[in-house]
Every structure is written in C-alpha cells, then in structure tokens.
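After this come two complexes, each holding chain A, first together with chain B and then together with chain C.
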Partner chain A sequence: MSDVNYISAFCRISSGKVNVNHSIMFTGEEGEAPAAFIKSVYKHYQLNYPKFYKMDGLCQLAFVASELLLKDNKITERYNKEEIAIVISNGSASLEIDTEHQQTISDKANYFPSPAVFVYTLPNILIGEIAIRNLIKGENTFFIFDKFDAQFTAQYINSLLNSGRAESCIAGWVEFYEGNYDAFLYTVEKTPGVIRAEHTAEQLLNIYK
Partner chain B sequence: MNELIDKLKGEIIEQLNLEDVKKEDIDNDAPLFGEGLGLDSIDALELIVLLEKNYGIKVANPADGKKIFQSIRTMAQYIQDNKK
Partner chain C sequence: MRDGRRKITYYRKYGSLIVTNFTNLYLLNIPITNTHKFANSYKFAICNKQLIFLTQESYIIADNIISPLGFSTEENFAQLKQMRTGVQRLEKSALSAEPVCAAVIDARRLDDEFKKLEASKPFTRLEQLFILSISDTLKQNPAIDIRSPKTLLILSSTKGNIDLLDPENTGKFDKKRLFLWETGNVITEHFGNPNKALIVSNACISGVLAIILGKRLLEENNYDTIVVSGGDIMTHFVVSGFQSFKAVSSEVCKPYDAARDGISLGEACGTVVLTNDKTKVKGTAIAVKGGSSSNDANHISGPSRTGDGLLLAIERTLKEANMNASQVAYISGHGTATLYNDEMEAQAITTANLQDVPMNSLKSYFGHTLGAAGIIESIIGIQSMRSNTLIGTYNYNEPGVTKPVNIIKQTTERTVNNCLKTAAGFGGCNAAVLFSKEA
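Our next item is the complex of A and B:
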C-alpha cells in the first residue's frame, strides 16, 4: 500500500461564507454575528439535530462544518467506524465558554454555575460531538497551536494512516473566540476524492489561505 | 398554579435552550425525560440549578428528583409546596 494520502474533501466556514470543495455554498448577511451566522447555516441546510442548540459556539461551528464536509463525502459509510480518526486543533481552546462559565462563579453571593455550560469547557468536546453524531470510534486527538500548523498536522495524520491506526481521518482547525471564527475541516484518505490533492503541508496551505 | 406552570415553561425553554419548543408544545403532564421533551442528564442538573436560582429551593436528596421532575405539573407542585 502506498504511503501517499490525499485531502479528499474540505469545508471552510469563515468570514460569513461556507466553502465546500472550492465552491461557495452559502453566504451570510453583512455584519451578521458569528453565532447568528452559524445558526443561519444550520437552518439553511436543515441539519435537524436538536442537540445543536445546547452546544457552545465552538462546537456548533465544528458540528456544522463536519455535517457539510460529510454530506457529499460519506466516509462514515465507506469505512468502519473504528477506522476513522478525528484530529483537530485550534488556538484559543475553549476560552469563549470558559469565560462564560467563569462569570457564573465569580460572585460568591450569586454562585450558579450552569452544568450545560460547564460541560463545554474543554476544546476536545467538539471532537466528541462529531463522533457522537456519526458514531465514529477511531483515534482522536485535539491540539492547541498558535495558528494552523499544516506541517505538524500533515505529518501526524499521515503517520496515523501509514501505520494502519486509521484508514481515514477528519482533520483541521476550528477556532471560535471573541467574535473571530474559522473552521477548516477536511477528510484524508488513501484515495484522491474530489479534491485530488496530496496530504502535504504545501497542499494544505494552498487550500487553507 | 396555572400561572406558575406557564412561568415555569418559559424558564425551562430559556434555561435549557429548547430553541424550537413553544410553551403550548409542552403538555403539563407529559414526562420531561425520555419521551415528552426528551431531556437528558445535563438538563436534569440544569433544572436543579433553576429551582435554586429562581425559587431558592435546594433539592437536598437527588433521589427526590425522579418524582419532582416527572412533569411540569409535578415540578410546579413541588415549587408551590417548598418555595421560600
């Protein structure tokens, strides 16, 4: 088996646009707040997953991006659920919801932490949400970097696939903090898919720019 | 009691982020968990916080939760009986 792996499909959600495999599929309204925009995308595609409304912004963004990524590239139907890895990173971890949680515990006289907020105070929960939705049971890892590290990501995921620990992978970068949001999720497989780009740092940076 | 039930429905919809649910969709006697509203374990914890925050009621014995949170009506009854 060749050691070459491919970026088979991708979804990018940023700056009020949804880009799937180089096609702009949806554009938000001018000046729309991140949370409202992500909800618009969810409603536009009728994703119909009531738990969506309970998620924090970071998970909502990751969830919507993963749904649009997997809509036409159904890796969950082509691979065993144990053979699909998920490797995602970001720069701000879960700071957005951490801050919200901190505000509910900062006043001892008005101390009412919300369990529903607290459960999202870890960034890797977004991997859990994707895994639960798709019943994925493969390897999963969440990294925190200053910015999307294409070199590390490519090397790490290629190693997973080439060592037989996974047959495919949902990978990328999902950031949601202080009004900034950016989701770039892509699938890696041994076959080229629609993107037909080798899974290398150079190709990743060609797509994620 | 009806006024309390109506208020409670609004608070639950807001607290549990039940985005697509309206007050009139919630049957006073339907189970809150499993079927009915289909709430989960995290929602149960949120309801305990709601009782304490909005009504000053602490559920001291978690085992009581099953009876208290059976339906909107049982919850309202518990609030009426225990509100400080």
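Our next item is the complex of A and C:
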C-alpha cells in the first residue's frame, strides 16, 4: 500500500453531453433545456428509480451522474459501504430551489410553502440521495467553492484515504443554477481503474476542462 | 519490505511520525495490512525497540458565542447555568404570519456592538455576526495571527445570506452576496486573511463537521491555526419551511421529553480557534481528540429508526480518540425535540453503551441554530469542561424516548474531563466529535 490514489472512473454531464471515462456516451438535442436534457439522459439509460421524479434539478443531475459513474465501476460491490466517502461541492449551494421556495412565501395572498420543495433547500441532500440509492454510509461533506477546487479536493480526499478514514470516495462538483448545469463526479481508489490517472490536482484539471 | 518502505515515506509526511525500524513493527505483531489505519488512530514511533504513541493535537485557543443570551462565551454560559432560555414566543414578527417561538438576537444590541468595530462598509446581518464573533476570539488571544498564510478560516452555514432573496431586501446588496463563497471572501477580506475561506454547508451537522475538518487540516501541517466559525440567521425563509413540515413547536421545545412536539428555531454565530501549537493555549488545555461523519442511507428528511448512522460516527470518533464508551464523561446531544430525532439518538447512544453518561440538549436555550449549532453547542461543552459544570436541559421533565438515556435535568457541578458532541441532519447525515481536557 502506498499514499498514491487514483481517479478510477469519471462521469461528466455538461453542455448537452454525457462523457464517461473520456467517451461521449450520449448527446442531447440542440437547445434542450437543462431539466429536459437530464430527464432524457435518465430515460435513455432506463435508470428506473421512481424517487428521481421527486428530486429537484440539482439532485436529479447528481443522481444521473452518479448512476452512470457507478454503472461500470461498481465500487459498492468491492468496498464495505461504511468505507466509501462522498465529498461533493458546488458554487450556488441550493440557490435554484431556494428561489423557488422564496416564491411560495413572498406573496402573503398566495402563500403555499411546500415541504417537498423546502427539503431540497440544502445542497448536501444530493449526497443523501446518492447515499440512499447505493446504501453508502461513510464520511460525507458538501463544500462550497467559487469554482471546482481541484487542489483542495485532491488533497482532502487523499488524506481521507491515506489516514484510513475511507477506502474509496465518490467526489466532484455538481452545479445547477439559472440554466447552467455541470456535473463532474469521479471515484477515487487505491487501484488505478480504467482511467489510470493519479488523483492529483493536475490530473483532475486534465479531465475537468 | 519494499511496501514497508513506501509506508514509512507516507508517515514522514505527517511530520509527527518517526518510524525507525519497520521490522520491529512487524515483530510487535501489528498486522502490516492495517498499519495505515492503525496510524490514524494511534500515531506512533519506534525508539529503542519500544512503541511510542504520538499525537498531532488540535487545541482550542479562543472561542465565542453570539446568541440572544449574549455576545461572548462567558455571557452565554452564565445564562445557561441559571437555566435561562433565549427562545421567546413572538406574537408579531417578520418571521411568520402566526405567532412563533424562536431565539432571535436583539437587533439594537447587534447594531451597537457592530458599531464599536467601526467597519468601513455595509455588511449583511450574518456577515456582521461572523465578524463580531471572530473579532472577539482575536481579542482573547493575541497569539492568533489572522493575517498569516498559515491561518485558515473555515465557515459553516446552511443558508448564508438567504435573507437577501426576500423581496424586501432586493437591491440592498449585490446579488453575488447570496453565494456562500462570497461570504467567505467578504470575511477574509475584512480580516486581511490571505487564504480563500473553506465553506462547509452540510445541513445541521455543518458546525461539527467544520471542527472535524479543522482538526484534520491541522494534521496535514499546511496550517498552524484554523479559525472555525459557524452562523445562520432567523428568516421567514427558514421558519416557513420548517412550518410547512409541521416541525415547529408552539412552545419552547422540549428535548427528549415525553411531551416534545417539535423544534424551536434560533439564530446564532460561534467561533472556535484551533492550533497545533500548545504554547498558544491560555488556561485549561482542551484538545479535539477525534471526529467522524456518516450517512444513514435511509431517508432525506427523516432519521434512521435504528440510529445506525449516528452509531457509526460515534464509534469511529471514540476509536480515533483512543477511548472506550465507559470513559466518556458527558454527551452534548443534538436533541432537536422532534419525535424521530430524539428517539433515533437514544437508540444510537444506547447501542454505543453510552446510556448512563450524563447528556443534555441545548436546543431549548438557543433553538436550533442550524450551521451554528455544532459550534456553539461544542463551545458550551468546552466551557462545561473548564468550569466542571453540566448544564441542565431546559424544559425536560419526563423521559420520552424508548431507551433510558441519562438526561441532565438541573445544572450540576461535577468533574467533566471530556465531551462527546453529536449532530444529525437532513440528507441523512450524522457527525460526532470528542473534546478532552488535559491535566
């Protein structure tokens, strides 16, 4: 065992494309709205998870990306689920659905706050959704950065693995705000996997361009 | 032995480990395959064929609480000792159309205190709280160099400046202020700290998680001082959301009590400053000995029925602190006073064999202060250790959980050598952290 960790697989969903491990797997229709595109990815892969339809856009994006990431790299079968960490970040927290909740309470004459909306007004709910789907119980943290912080992410997750606090990790960045969306989720392991890239800031930025 | 050498290299990176003889390690019958895990729990060195345990400690060198009960740790603790609550019934407020029980910081006092700082530009309510809270810790301990590149600021908040979304506040501040990373920029710029603040937003465990992160980042040796500050404010946004869940009690909440019927919300800000340099400690030395987070993987808005997620976080925390359940002196629980949370906690505490340890919840004093909760409640735990005083749980009368946990009713004096702080939140997240007093 050494202190070298690897990006063993990744999934990027952005600009109407799904990229899994450097292969474009799916392309959306020209001019498709973010929510519609994410739904067409969900349908294309027949993900069949009824809870998907209850989720807000941010969680739907994170969910679809995590499914495509873990479809071929089944870390939940190779590690104890208590030893898998989830460390994800974004820039807008849950501001997209926050705005929606605010609209339900701003007008006193038309006041209808909904628990089904309010529950999504925390960004770490998307970690919860991935954890529930895959029964992952390890360390979990949601960070907020102005943009994906490859340096901190690599360093913190490497220290989680090297100190034995986790055996593997689902990591990355999931943004969904005002028509912009970008999911970059990847797995970190002690073994190289199909990507064979060391888990360093440089390698992350090679992949996440 | 080649693998062994690579491990030695890794240990050196931690700074505190000097493995001088790998063969001896093997002969000591420690399974090599587990050594990196082992090293995390018990950092060690081998000298003269003896195994010596080493630790890279994180000490608390200053702390502050701002709540309706006061603007310093001492002021707050004095109120809690007298079992006075900051939660009030507000007949009319901007928070809710109906009367609501909540812990709200007096706007005039906040204004007066903030004016004393003579800040040059306008700050939001939450930013003012962060700045006041951090400023107080800097005054307490001149050894804290906030402008040093070796000092990092960690902020914990669930909703940040969410009040700026309210139409009443439109145009008062740039829209950028809604983003938590910008809150980080505003605070670091105010104090002249050269590093980008690290922002944790992980529901109600954010504060505990931020302290755990502080400890872990000190272990990495990139920083020597970490300022951990957590805050959230009371807004119509948050109150209406919890009301829509029918989760808010019509009275001051009753943690763990048979008659509990929901939460009270509150606003607060708290700061703890951590360092790995013990010489900077003033007074009683208190260290962060271990911490962990976990997920129930069960439900996004309801806790696990069995408490297995929280149990995992507690067990890992004790393991990292090299302690067993019988050594825990005091538990500062999450105790939101919802039916399910308090029951889940009681299950986890009992399964961890901690049911006899004195335990309280501070939610009936401060309300649920979201991103501040883990930090201000930890600070009260720390103050309990310094003063050997355990705070009684306000509004607790009759046991109301199915497992017999040891809830503290009245404030009592007794030796408190350590404190286990627990937290749980939406998204199924759990966290625990252990503080210990050094002789």
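As a working rule, the second predicted complex is superposed on the first by the 209 of 209 C-alpha atoms of A that agree within 3 Å, B and C clash if a C-alpha of one lies under 4 Å from a C-alpha of the other, contacts with A are read in each partner's own complex, and residues count from 1 in each chain.
By our rule, contacts are C-beta pairs under 8 Å (C-beta built on N, C-alpha and C of every residue); 3 or more make two chains touch, one makes a residue touch a chain.
Remember, it's a predicted structure, so these values are computed and weren't measured experimentally.
Colleague: Output check: A:Pro50 vs chain B and chain C. Expected answer is one of first, second, both, neither. What do you get?
Modeller: first
Colleague: Looking at A:Gln151, would you say it contacts chain B, chain C, both, or neither? Reply first, second, both or neither.
Modeller: Neither partner.
Colleague: For A:Asn124, is the partner it touches chain B (first), chain C (second), both, or none of the two (neither)?
Modeller: The second partner, chain C, only.
Colleague: Check the contacts made with chain A and report whether chain B or chain C touches more of its residues.
Modeller: C
Colleague: Is A:Ser114 in contact with chain B, with chain C, with both, or with neither (first, second, both, neither)?
Modeller: It touches chain B and chain C both.
Colleague: First (chain B), second (chain C), both or neither: which does A:Gly138 touch?
Modeller: second
Colleague: Which parts of chain A are touched by chain B and by chain C alike?
Modeller: Chain A residues touching both partners: 113-115, 119.
Colleague: Going by the contact rule at the top, pick out the chain B residues touching chain A in the complex.
Modeller: It is residues 16-20, 38, 42-43, 45-46, 49, 52-53 of chain B that touch chain A.
Colleague: Which bits of chain C are touching chain A when the two form their complex?
Modeller: Touch list, chain C to chain A: 3, 6-7, 9-10, 13, 33, 36-41, 97, 158-160, 162, 165-167, 178-182, 184-185, 196, 198-203, 209, 213, 216, 219-220, 236-237, 240-245, 292-301, 308-309, 312, 316, 425-429.
Colleague: Okay, in this complex, where on chain A does chain C touch?
Modeller: Residues 1-3, 81-82, 86, 91-93, 95, 98-99, 101-102, 104-106, 108, 111, 113-115, 118-119, 121-125, 127-129, 131-132, 134-146, 152, 155-156, 159, 162-165 of chain A touch chain C in their complex.
Colleague: Of all residues in chain A, which touch chain B in the complex?
Modeller: 50, 53-54, 112-116, 119
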